[in-house]
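Listed next: structures, encoded as structure tokens.
Both of the next two complexes hold chain A, though its partner changes from chain B to chain C.
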Partner chain A sequence: MTKNILTRRGVLKTGAGVGATLAVPTLFTGAAWAGYMNEPMGASVTLGFNVPQTGPYADEGADELRAYQLAVEHLNGEGDGGMLQTFSSKVLEGNGILGKKVEYVTGDTQTKSDAARASAKSMIEKDGAIMITGGSSSGVAVAVQGLCQEAGVIFMAGLTHSNDTTGKDKKANGFRHFFNAYMSGAALAPVLAAQYGTDRKAYHLTADYTWGWTQEESIVAATEALGWETVNTVKTPLAQTDFSSYIAPVLNSGADVLVLNHYGGNMVNSLTNAVQFGLREKMANGKQFEIVVPLFSRLMARGAGENIKGILGSTNWHWSLTDEGTKAFVKSFGTKYGFPPSQAAHTCYVQTLLYADAAQRAGSFNPCAIAEALEGYEFDGLGNGPTLYRAEDHQCFKDVLVVRGKENPTSEFDLLEVVEVTPRAQVEYAPDHPMFAGGALGSCNPGA
Partner chain B sequence: MLGLNKKDSTLLLIVAAMVLLAPFILNPFPADSAMAQFNAGYPDLMQRFVIFGIFAIGFNILFGLTGYLSFGHAAFLGVGSYSAVWMFKLLSMNVIPAILLAVLVSGVFALVIGFVSLRRTGIYFSILTLAFAQMSFNLAYSVLTPITNGETGLQLTLDDPRILGVSATADGGIPVTSLFGMEMRSTFTLDAGAWLFQFNTGYYFCGAVLLLAFYLAIRIFRSPFGLMLRAIKSNRTRMNYTGLNTKPYALAAFVISGMYAGLAGGLMASMDPLAGAERMQWTASGEVVLMTILGGAGTLIGPVLGAGFIKYFENIFSKINEGVLHQWFAFLPDGMENGVVWVVEHFVGPGWHLTLGLLFMLVVTFLPGGLVEGGQRIARLFRRKSTEPQDGATQSHPAE
Partner chain C sequence: MDAIILQILNGLDKGSAYALIALGLTLIFGTLGVVNFAHGALFMIGAFCAVTLNKLFSLSFETVDPTRTDFLGNPLKVKTPYLVDWFGPEVGASLIDWAVPLSILFSIPIMIGIGFAMERGLIKHFYKRPHADQILVTFGLAIVMQELIKHYYGANPIQTPAPDAFRGSLDFGVLLGFDPNVIIYPYWRLVYFAFAAVIIGGVFAFLQFTTFGMVVRAGMADRETVGLLGINIDKRFTIMFGLAAAVAGLAGVMYAPINSPNYHMGMDFLVLSFVVVVVGGMGSLPGAVAAGFLLGVLESFASMNQIKSLLPGIDQIIIYVVAIVILLTRPRGLMGRKGVMED
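What follows is the complex of A and B.
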């Protein structure tokens, strides 16, 4: 049946061939790179948009992708230009970046570190992406940031709120525009004290993973500094969908505020359970019982529906702001897609513009040159007021919004009202703050 | 050759050739053509093909031979990754100690989990392994955070001790994984006209390990031990009645396949030094079951094919977005173009799971023996044409 006859000679020959071929790649060790990783040679430059398209954060991922596409249009001089007109830096001319047309590739992170890294790697190795951006979860952001550091490309973080992204896991090639848990605490605490008094007893329910912990730590520290007492902190598994068994003990704990350190579907479920248990009508210690959700997003508010009304939280940006940058962005996003952008979309759009601007100012796509252009960069007109990209940890510092679920929403997008715009000075912290200590930026890696 | 019969030697040589020439085979389209989207010959994906191939080969030793369906194999993969990354953090960036520890630790895990789970068979066994895997996942995700770094995943940092190496390189970066100085990430790019071929050290290292693993699997399949495992699959009760204790054999198969998974995990961490808890999730365990069934359970080459198939879909189809589709169908009139794009986009990009699901259904329905059966049928079709008169030679043998 089989025709090939294996002779001793034939096998030896093949064996030698196999051995030789296996040895070949060892002759070329890393000599292939010159200059920097994926230096754009042609008339275009490729950016990699790595967002969750499936899984729990797919909604946010879809909105992020819309924002990226809009940003690419604006950079290439199509559409109405959006925030390019209001941006304090005017070096971008609508002819791409450094005269090269902007192209992009997309990938699915699946909200899993592994998948996200695989997707980012394929963008870098196969498509020649010079910058990776995106992510809708801190775990993924930290993982991809680490990868970009090793590979030698710039990472512009999308929605990631954990302190660790620019804290103990910070990297020289990674940059974050979004705010973090510490800032949420610092912005929210004074408002909480003003609204609910300084002698409250808080009970925390926290999603049991890194983001939940850093947020709990931040909120506890910020509220206790203002005189609150923390009765108890309980960790809930991330996969939990019914929080009844966690809410029941709250009733008899002597607490009069419930803080939900949950995000996405988790928060929608826990808040719904809390409302079902009548926590919002309850009186405790002679005071009205209150619920606080430190990190809010409009997409979460929509999921929670009625229950979100009157609840306080913080957010990075909201489309109802009235500055010129926000108005321009909401207008061009609304014209293209028919509804206002979410905070995730905003931060991704802004990150893309900031990268393009930095490359333009640096006159190069070299990651080290771009990092240098971004470090300590002050800008304005991108929807958050005057903003600083701090050189020490690559974190943006800007005003933080404290928001409340609107009592009488006028549309399905008008769910949050801005209670207070907390000024930047109030949410700033030292780069070596204990909540952020333990990591080092290292040196920038151009991949060469 | 090497104690194999002619047929197995041929198979091994075919696999070796495929591994060696993968950078060419997987990059059939010129780099700037529209079809370049379907090229899979870049280091990361080739490494994944090979690593998941090893994982599936190991799984097949348990499932294909003994019939025990484990739903918890991802746990061993994860344990392997964590051990390897810890080795990189504590000892050195050489991949050999990391992989050895990965195999060892996952073997110990498999021994413990297998000892308990193998008290039951059938669905109860599957559920027990699933429970253990979920337990490991939850431990890694939150309880054991100091060891696993929880949701964020275990990564290398600049202040790791690395006793036999350096904590940071001279220019302040984290050192990269290597094999006695050969960096795993170094890639040689061959520029052949319109084609770009990438040869990556890490890939060839994984490829060499795959060949070893494949050879070992052939030997196990052909050994008296393998025969005993098959006997367990066909009728365990009868084996017991003949006075033979099947449990040690099943346990040995379980541990071997756990060690294969650990090897895959260790290799994964060696290519990309990160270990995340989601590697241990039950969906990851389900994936290897899919790979094995899709390729052909109980066959030697099947699992490798299945692994390649699924990884190809995950990495290539998920990246086809609306913009790309519009480019493809630009030749159609506008209204029709939008219609076609609207239909097709549900099957690519975020919808790649749907396409994979449909293909899986088709394969299981029409080719119960997996892709290997498909290959056999095609081969038989050709053979029948050329050797019509001779009968008996066309008897189908499982391509094990």
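What follows is the complex of A and C.
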């Protein structure tokens, strides 16, 4: 039998020992190796793919998931390597990330903010996901980005186009590769002016939520700067399905252009209704009436069928681009799945590679080390030309595509044609631009 | 004036869809006493009957065109519909073009079959259960049906165009003495309105002028007495459920070219249709039709910019405001009968 007796010398010795032990990580490995949320201890690292698997954007979510699975294959050295062959950074060697095999878990955002936060939280807390990525809505992206900031993991946004994601709602742990509403306006307006002239009167129908508002604001500012007049801006409920009562007033409003700041099912229905009401054949103010859809999605455009023919819009990327990165990705994706990838698939694939590359370059999965590696990072070979991940707001700056609904498609995927590749310089803006004001990036949160 | 006429047309068109769905809904409630939350799903399935026939008619075989390439650089596979191959380009293309109107014939037996299956297989077990149970089970059924459709057809809207002959718009203003291009209205929406009028008229005529209809009306008024006369009223009510399902399905078929069908479209109409039924008076067929058109027209007027500038957001709440006002002033709705859904 032994007896534990506390002595002054014993307490001092124990305290010194504990203190020294706690100090070791900081003393010998520096900040990059400090403790952080879900630090991978085994031979694998888990990524969390949070996409809409049910709800109205489920098809887009399915395409995102395909892209993520392809990215994981390529990171683990399987398949043909896809864009790893064309990526300007060569640190990824096809042996996972930092030598750890990449595994993944998936969540269903349902395109609802609360459901998306719940699935992201579950993947972080129960599955040990070290990074969350995906989504197909700005409302969801902003909500999940906030959660990741609080939890201390990196959020690599999927398809989110609202200015707010990297504007008033930007977060230090969040990064967006996709373009935004301001960029759509900056790219589209000169093409609109060139195609339809500078003396035009525009009527806007706008989805009544964060993305719609910033989209409308951006297009109005960009077109008015080129001489267009804005006749009216009308907000439409997000749940609206029949837009006839909103289209009818356009007929005699004095407008000669209708701008549909709608996405997904809203876009399909409002465009179909506008065409049904004969707006494409109408003459107004002595000019041919025109319809514009600022944000195009090929997946959604299928629902509008022939109605998209000749309609101008913008997109983040399109499979018909001829650069080596695009060709490699389309070949890889098309061979595996039998059809070309969507812009949502592209941005999700690229985001995964960029995260992996940043971790590899940082030599750590620490969110703060990864954020540091991504901030101000210049890269190429991922389908959009030379691209910058700006440090001030974590927004990617790259070329933007202006596209038009194709008149004679050769297949069900061949719906859009690229009218112009707008150079990056034309869509850049200052970090303190008024449309992006009102929020602070804050500081990176490593979690634990 | 032109704006008002346009919104009246719009309202009548919207009201047609509301009235058709609400008619079936109130028919089921009036006969079987069941609050059927799966009725919107029947409307959606009707629209997908049109999608299905369109897809069946467009079934194609592939031939390789060596002169063109696909997105991977392989020789392009060109699709040719079997109908075009069998009947020639003109007849084959016409059949595909007229897929939506032909879906009316295709959908009627399917919808009646679904209606019978729903009623005999599930809903009859809930006749004596509280309305809350009926709502829960039919709402669950609606979710199952829409998830099945999503599984097979995907989540995106699927374009189902009207025949070429009905694309484009009628210059309605010229007929009324206005300048050209002032009041134009899509042909298919006018067809929808006329179709709805025929269906509604047909249902009323069936109930009013046939012996079967007379028995059903008697059953709606006093089920017990009709039963005591030795008439199998349950069987007739089951047939009415099938008829109500067919009406909802036909409303969906004809709606497919107006808005591309998606799996959720039934839910979009369901709540509005219930409001229509409640405003019209539970179990009242003329009330449902009148309320459908009334709310459709009011909703359209509330979307006018002049109204919205005075009352921002009114377009999103007008139907519910009207419902509150009517229920406060006429608690049984516009044409509700005493004793329906009352203890």
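The rule is simple: the second predicted complex is superposed on the first by the 414 of 448 C-alpha atoms of A that agree within 3 Å, B and C clash if a C-alpha of one lies under 4 Å from a C-alpha of the other, contacts with A are read in each partner's own complex, and residues count from 1 in each chain.
The rule is short, and it goes like this: a contact is a pair of C-beta atoms (placed from the backbone, for glycine too) under 8 Å apart; a residue touches a chain by one contact, two chains touch by 3 or more.
Only a predicted model underlies this, so the values are computations on that prediction, with no experimental measurement involved.
With both complexes overlaid on chain A, does A:Lys331 touch chain B (first), chain C (second), both or neither?
Second partner only, chain C.
Scan A:Phe277 for contacts with chain B and chain C and give back first, second, both or neither.
second
Let me test your reading of the model: by the given contact rule, A:Gly107 touches which partner, first (chain B), second (chain C), both or neither?
In the superposed model, A:Gly107 contacts chain B only, not chain C.
Is A:Ala304 contacted by the first partner chain B, the second partner chain C, both or neither?
second
Which partner chains sit in contact with A:Gly35 here, chain B, chain C, both or neither? Use first/second/both/neither.
Once the two structures are laid over each other on A, A:Gly35 reaches no partner at all.
Once the shared chain is lined up, is A:Lys121 touching chain B (first), chain C (second), both, or neither of them?
In the superposition, A:Lys121 touches chain B alone.
Just checking: does A:Pro423 make contact with chain B only, chain C only, both, or neither of them? Give me first, second, both or neither.
Neither partner.
If we overlay the two complexes on their shared chain A, which of chain B and chain C does A:Ala143 touch? Say first, second, both or neither.
Touch partner of A:Ala143: chain B, not chain C.
A:Val234 in the overlay: touching chain B, chain C, both, or neither? Say first, second, both or neither.
second
Shared contact residues on chain A for chain B and chain C?
Overlap of chain B and chain C footprints on chain A: residues 54, 58, 237.
Any idea which chain C residues touch chain A in the complex?
It comes out as residues 2-3, 6-7, 10-11, 13-14, 68, 70-72, 76, 150, 154-159, 161, 167-169, 181-186, 188-189, 258-260, 262, 264-265, 268, 299-300, 303-305, 308, 315-316.
Tell me, which parts of chain B touch chain A in their complex?
1, 6-7, 9-10, 13, 16, 20, 39, 42-45, 48, 138, 141-142, 145, 149-153, 155-159, 168, 171-174, 176, 182-183, 185-189, 198-201, 204, 208, 272, 274, 276, 278-279, 314-315, 318-319, 321, 323, 349-350, 352-353, 393
Using the touch rule from the top, collect the residues of chain A that touch chain B in their complex.
Interface residues on the chain A side: 1-2, 4, 6, 11, 14, 18, 21-22, 24-32, 53-54, 58, 69, 104-108, 112-115, 117-119, 121-122, 125-126, 138-139, 142-143, 146-147, 149-150, 162, 164, 169, 208-211, 235, 237-238, 439-440, 442-443, 445.
Within the complex, which stretch of chain A touches chain C?
Residue list for chain A touching chain C: 54-59, 232, 234, 237, 239, 241-242, 244-246, 248-249, 251-252, 265, 268-269, 272-273, 276-278, 281-283, 299-300, 302-307, 319-320, 330-331, 334-335, 339-340, 410-411, 413-414.
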